Structures are given as structure tokens and as C-alpha cells.
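Presented sequentially are two complexes of chain A, the first with chain B as partner and the second with chain C.
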Partner chain A sequence: MSQPEILNQAFELGFTYTRSTGPVVGRFLTELKKRNIVGIKASDGRVIVPPMEYDPDTAEELSEFVEVGQEGEIISFAWVKHPREAHPSERPFAWAMIKLDGADVPMVHWVASDSEELVSTGARVKATWSDDTKGYITDIACFELV
Partner chain B sequence: MSDENEMITGIEVPIYLKYNFTAGAAPARFLSQLKEGKLTGQSRSDPGAPVYVPPRGSCPATGQPTDTEVEVADKATVQSFTIVHIPIPGNPIEPPFVVANLVADGANISFIHLMSECDNEQVHIGQRVQAVWRPEEEWDYSMDNIKYFKPIDEPDVPVEHIGKLPVTGLEA
Partner chain C sequence: MANLAAVVGIGQTSYTTKRNDVSIAGLVREAAVNALNDADLTWDDIDAVILGKAPDMFEGIIMPEIYLTDALGCNGKPMLRVHTAGSVGGSTALVAASHVQSGTFDRVLTVSFEKQSESNAMWALSNPQPFSTHLNAGAGGYFAPIIREYIRRSGAPADVGIKVAVKDRLHGARNPLAHLQLPEISMEEVADSFMLWDPIRYLESCPSSDGACAMVIASEELADKASKPPAWIRGVAMRSEPTMYAGREEVNPQAGRDCAADVYKQAGISDPRKDLDVAEVYVPFSWYEPMWLENLGFAPEGEGWKLTMEGATSLIDGGDIPWNPSGGVLSSNAIGASGMIRFAEAARQVRNDAGDHQVPGAKLALGHAYGGGAQFFAMWVVGAEKA
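And then the complex of A and B:
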């Protein structure tokens, strides 16, 4: 048998999922569309953002939504020098755990910054909204350093 | 217009995995021949060794390379089949349609293809079929060169004989 030519081809596998958001995540996203950020009060009084449907300790159903601030504090972060295609920014950026004012746990989002040196644990950041909010986590376009 | 206060009940969260697929030596050989309108398998070099269509380059039974190329017929036997009634997202074929595992004459394992020009309810194991090819100018490195397989007027192959030509080489 002769050596065959090398055959290769681009191939894309797509899982086109839709996800039912339920009453709690649905409310969170609905509030994002209105440019509000809400958490939920857990059985021990902590405010959890994004809200979860069941209490992490007692498993009881949660329903008391609490609006939190649009500014917060970087708890930890990871600087991305070389963003990849799926990343939210084409320029270097930071993934960050951000504890919003009024929340008791941090949530993950990304921080826009001109340089890595400006980003630090404890730095204050503020949510920047997309021009067109539609009820999705990307309605918060990014967080910017205050 | 959607209500400003309308509750979000669902979101789209697609995941796309992008690959660059390289066929490898044996499948590339298979696909190159397919572009010429030929179905070819591979076999170990010892006499009576099983013929694999499509080939992967080695014998799954013994691990030896399948370095002998064997052209097989475009006639085949139905080994098993499914009548698909539920539409599959992204699949342009309208149900109901028949997907079958077919063993080409001269091969010992099956490949999957479509059956058409048939009464779906009459499709059965052991049925004889033949490839319906696309026009030659459309041939590419693809199993799609065959549009589908259609039944032919030949006696059924008994179940115990489908794909069960003598398999030797395991004794040693």
C-alpha cells in the first residue's frame, strides 16, 4: 500500500443546550436585565450571590431575595496574560472572586484593567453594564477598578 | 415586544468543541479510495484473516497491523437496523428513516449507513442491499458519496452467517 495523503478537516461538535433557570436563578437573571444584582438570604443570615435555591447547610428552600451593591472587593484573582477565544475579553484581564457590598460570599466575574499591577486583593471594583441587557450573566459587561 | 419585567425562565448555553480531525493512515487510505468510488478494507497478511471496513490500521483481535488492502463490494447485508422516528437537532433528514449496520460483501465488520427506496416496515436482518452512489463529479473523501443503500432482490443471508466468515489467526 502506498502512503496515503494526510487528510484533515475542521470539525465542530456543538451541544446546543438550553437550561431552565427556575425561580431563583431566573429571578437573578431577570434582575440583571433590570441592572440590579440580587442575592438570597441563607438560614444563618448570610447573603449569597448569585442566589442559590437551597440552603447550603440545612437544605431548606430559600426565597428571601436581597439586593446587593454594584461595587465590591476583590477577594482573589487570576491574571490572564493570553486570553483565549472563549474568554470575555480579547485583552489581558483578571478572573476574580468579588465580594459585593452587602453580600457575604464572593462571586466570580472578570475585571478589566490596563495592567496586572493595578489589580490586587482588597481592591475595590464596580460593575459595568452592557448597553443591551438581556437576562444573562454577561449583562454585567465587566468589573472595573474604582 | 417583551415585557421589561418578564421573568427569565430559560437561557441558551451552547457548548462548541472545535477539533481539527486528522484521519490517520488507515482511514485516510480508506477515504482516498472512497473518493474513487471504491470501498476498501484492510486485513492482516495471514490467509483467512478478517477484513475490516472501515479500517483502523490494526487488527483489534490480535493487535497486528492490517497491511493488506482488500476491495469489497458495494453490496451488503443488514446486520441490524433502527427506524428513527424522532427528529435529531441539526440532522437534515426527515423522519422516519432507517439507519442500519451493514456488512459489505467481503468484510467481517459492519459500518453504519442509511437505507432508502424501501418500505421501512419491511426492513429486516439478513436483507440484501446495494449502495446508491451520488454522481461521480460530487465524490469527495466521504462516506456521503453513497447516498444510501437500497434493497436488492437477493435471498436473505441467514443470521448466523452475517459477517462471520472464518476468522483465523487467534490460535497461535
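And then the complex of A and C:
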């Protein structure tokens, strides 16, 4: 008896969805549109950026927004030597954890730099805004070394 | 032998088409805080959190439990997610109860939710696969032929489903949390509504709701000291079977009958219609009331529809065994939460805390959920007394 052909076929599955950001993340994104960066004060006094809806220690609802600086320092980073299509930059760049002035925790964004050597822990960076801000995290086009 | 456990707090959101004002975290949070407040407790009083959620593809968030830990005060505590399709709200409550009945934890918070306005529940249930015809059916299309077969076998009159649709909406009009508020609904209006999946009309189907439900379940010792009357858990059961197999009884599934027999035995129930005061049963399409009346032993096979037509299941008509006084799934359907809402509403009844839809003097109540292709069953019996 001959062996049957074992068939296989690739297929795509896609659906449409909606997201509501709620009052805290919604506020963060709305402020980005106005070219401001806000964090939120946690129960222990730390300023968390981007803001969280609930306190990581006490689980209480958080509501005290704090505007933070648009400059900060690199806490850690990963250099991307060969960017791929999905990356935010066509040129080599760094993913970085950036602690903004006035914030107590770093946030992840990317840093434009002409070379890997210029990027280091402790290096100062500054937010660069997109020409057209929409309330997306990409309203911060990138961070540049100061 | 399991330890005694009881529901000591219940919290729900109101159910509505769209909750644009909150994130998913904000939605589950609202129900959880309401349950803590009802129990007069704080986050620190909770030992573990058990979360239930319908399939991830509904909202398109993979493992939402990870993102929801902050909102549910789980940091530093055990948390567990339960998956059993549409019955998940019921099985989640049972998993939470088992963690207390086993003595593992003294007080557990259990939460379930659905934000249908952000989801794609209709088509995520019915995804195309290679080498198969895409049915484009959804839940109604799946259950319609099973309902048709019930009608054929039982010889039930054509308006039984219409009667259930009216009855549950009149019940829902007494429940301020219910999504559909249709106090003026009539048999004619239901009969004239669009035929969605023959024989299921638009008004014989559940709505799409956003909402969440939560409960606090506590050990006997803590429940004895609770600030409000506890709902004592008198029986718990779950059963499953495959969606399809040769000879499967789809109208009156074996898993449902076995699950009911198990939970009744634990609660000392021999005649459910007589022994129970009220039932909150998962009826997403109107005809599932007579079908489940039979599956759950409230009526002999082929005669469930008679109870519906006599008004036995109507709170408003003074029926002897009201079904879904909250308005049921036909009035609010936040899918992942719907099973837990049945369990919580059964508990509200025996706590004598169900407001305008209270069944007078209810002492013993059934909460029921089913899911998948009517293949997952979860049930509990709760009572005003310990035994």
C-alpha cells in the first residue's frame, strides 16, 4: 500500500478588538499628546513612570499624578547593531531603561546614537517629540544623548 | 471530608454594553472592591486570588491574569487562573471554594470578568481552520439545532422560548445591575423580533455585556464571625465531556445529569424542585430553561417546558421554584463572569440580600454554569444554614 500524502497548510487568524485605557494610562497618553510626561506617586513616595493604576505594595488606587522631566539617565541598555523592519530605527540604536528626572523607576524606550561607544549607564538623554503627537508612546520619537 | 466554607462577600459591577471609562483592570477591580466592602474586609485579609476568564482570544489579551495582579492585590500572594469556556465563572468559584474547603487558605478572593465591548467573542469562538469548512456559526448557530431537536422530541409548543425570554427580562427589570432593562417587554415583541438562528430569535438571546463579579469565600471559623450572613457551601460539583463523540446526547448531556446528581447528593437534595427554593441557571438562549429543567431533574424528560408555561419558574407569577430571579444570562452576559454571577446570585438569595428580586424566605439555592459545546458543567448548592 502506498503512503498517503500528509497534508499541511499555513493559515492566518485575525480579529479586530478595542482597548480602553482607563483614567491612569489614559491620562499618561493624553499628556504625551501635549508633550508632557507624567508619572504617579506610589504609597511609599516613589514616582512611577509610566503611571500604574494600583499601588504595587498596598494595592490601593493611585491618583496623584506628577509631571517628570524630559531628560534623564540611562540605567541599562541593549545595542541593536542590525535593526530589523519592526524596529523603530533603520540605523543601529539602543533599547534603554531611562530614569527620567523626578522619576524613581526607569521606563523602556530607545536611544538614537551614532555609535555604541557613546551609550553607557549613567549617560544623559533627552526626549525628542514626533511632529504629530497622537497620544501614543511613539509620540516620544526617541531619546537623544545630551 | 471537606471543611465547611461560605461566601462572606459578594461584589458586582453593573452590566452594560460598554464600559469605556475603565480599563479591564479597572473593571475587575470594581467588582473585587465591592466584594471586599460587602465582607467588611481589606486586601490584607485575603490569602489568595482565583481569577476566571473566558478564552484569551475573546479580548485578544494573552494571559490577562498577569496584567491584573496589581488591580487584584495579588502581589506577594498565590494567584491562579481558571479556564473552562462559558462555565468558567462557575468553575472559578468552585476552585476558590476548594482552596478553602481543603484548608489550604482561610480566605480567598475570586473574580471573573468579560469586557465584550473590547472583544471579539462572536468570531473568536468560530475560527476558520485549514481543510475544514468554516461554519461562521458562533454560539447561537451551534445551539440552534440542539434546541430544534429538543422541540421535536418534547413536542413543546412554539412559544415556550418566548415565555422564558419575557420572564427573565421581567425578572431583570427588578435587578438594578441587569444590563437589559425591559419592564414593558411582551410576548408579541419577542415573537416579532428578528430570527437570528432559527428557532432562536434576537430577543431569545443573551446580550453582549461588560462586567465583572467577585466573591470572598472564607473558612467556617471566619465565616462564623462575618459581618453579614454567610451563604454556606453545601455541595460543589464539576463534570466535563468532549464536544463531539459518537452517540453523544447533546440535548440532555450526561455530564450535566451527573454533575447535578453529585451536587444534590452532597446537599441532601432528593427532589430539586421541592427541596430548593430558587435556582440561578445558565440560560443564554431561552429554550435552555426547559432543557436544563430536565437535565437538572426539576422535571421528567420531555416535560420541562410545562413548568415554564405554568409559571413555576417565575418569581413574579409566584412560581414554586423561581429560576433566574436576577434576570439571568438573558438579561446580562459578561461571558467570563456569567457563571460566577449565577453562583453569586444564588448566594445573595440565601443571604436574604437580593433586593427587589429576593425570593421570600429562600434558604437553599442552586448556582449553575455550563460552557463550551454544553460540555463543561459547574454547580454549587448554597444554604442559609450550615446543614
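The criterion applied here is as follows: the second predicted complex is superposed on the first by the 128 of 146 C-alpha atoms of A that agree within 3 Å, B and C clash if a C-alpha of one lies under 4 Å from a C-alpha of the other, contacts with A are read in each partner's own complex, and residues count from 1 in each chain.
The rule is short, and it goes like this: contacts are C-beta pairs under 8 Å (C-beta built on N, C-alpha and C of every residue); 3 or more make two chains touch, one makes a residue touch a chain.
Bear in mind that the values here come from a model prediction, so they are computed numbers and not experimental data.
Legend: residue contacts after superposition of the two complexes on their common chain; A:Y54 is shown touching chain C, with no touch to chain B. When the two complexes are overlaid on their common chain A, residue A:S115 makes contact with neither chain B nor chain C.
Looking at the shared chain after the overlay, A:E5 reaches chain B, while chain C stays out of its contact range.
Of the two partner chains, chain B is the only one touched by A:L29; chain C is not.
Residues 7-11, 13, 15-21 of chain A touch chain B in one complex and chain C in the other.
Of all residues in chain B, those touching chain A in their complex are 4-23, 25, 27-29, 31-32, 67, 69, 89-90, 141. Contact residues on chain C toward chain A in their complex (touch as defined above): 19-26, 29, 43, 57, 59-60, 70-73, 75, 115, 117-120, 123-124, 127-131. Against chain B, in their complex, chain A makes its touches with residues 1, 3-21, 26-27, 29-30, 33-34, 135-136. Interface residues of chain A, counted against chain C in their complex, comprise 7-11, 13, 15-25, 52-59, 61.
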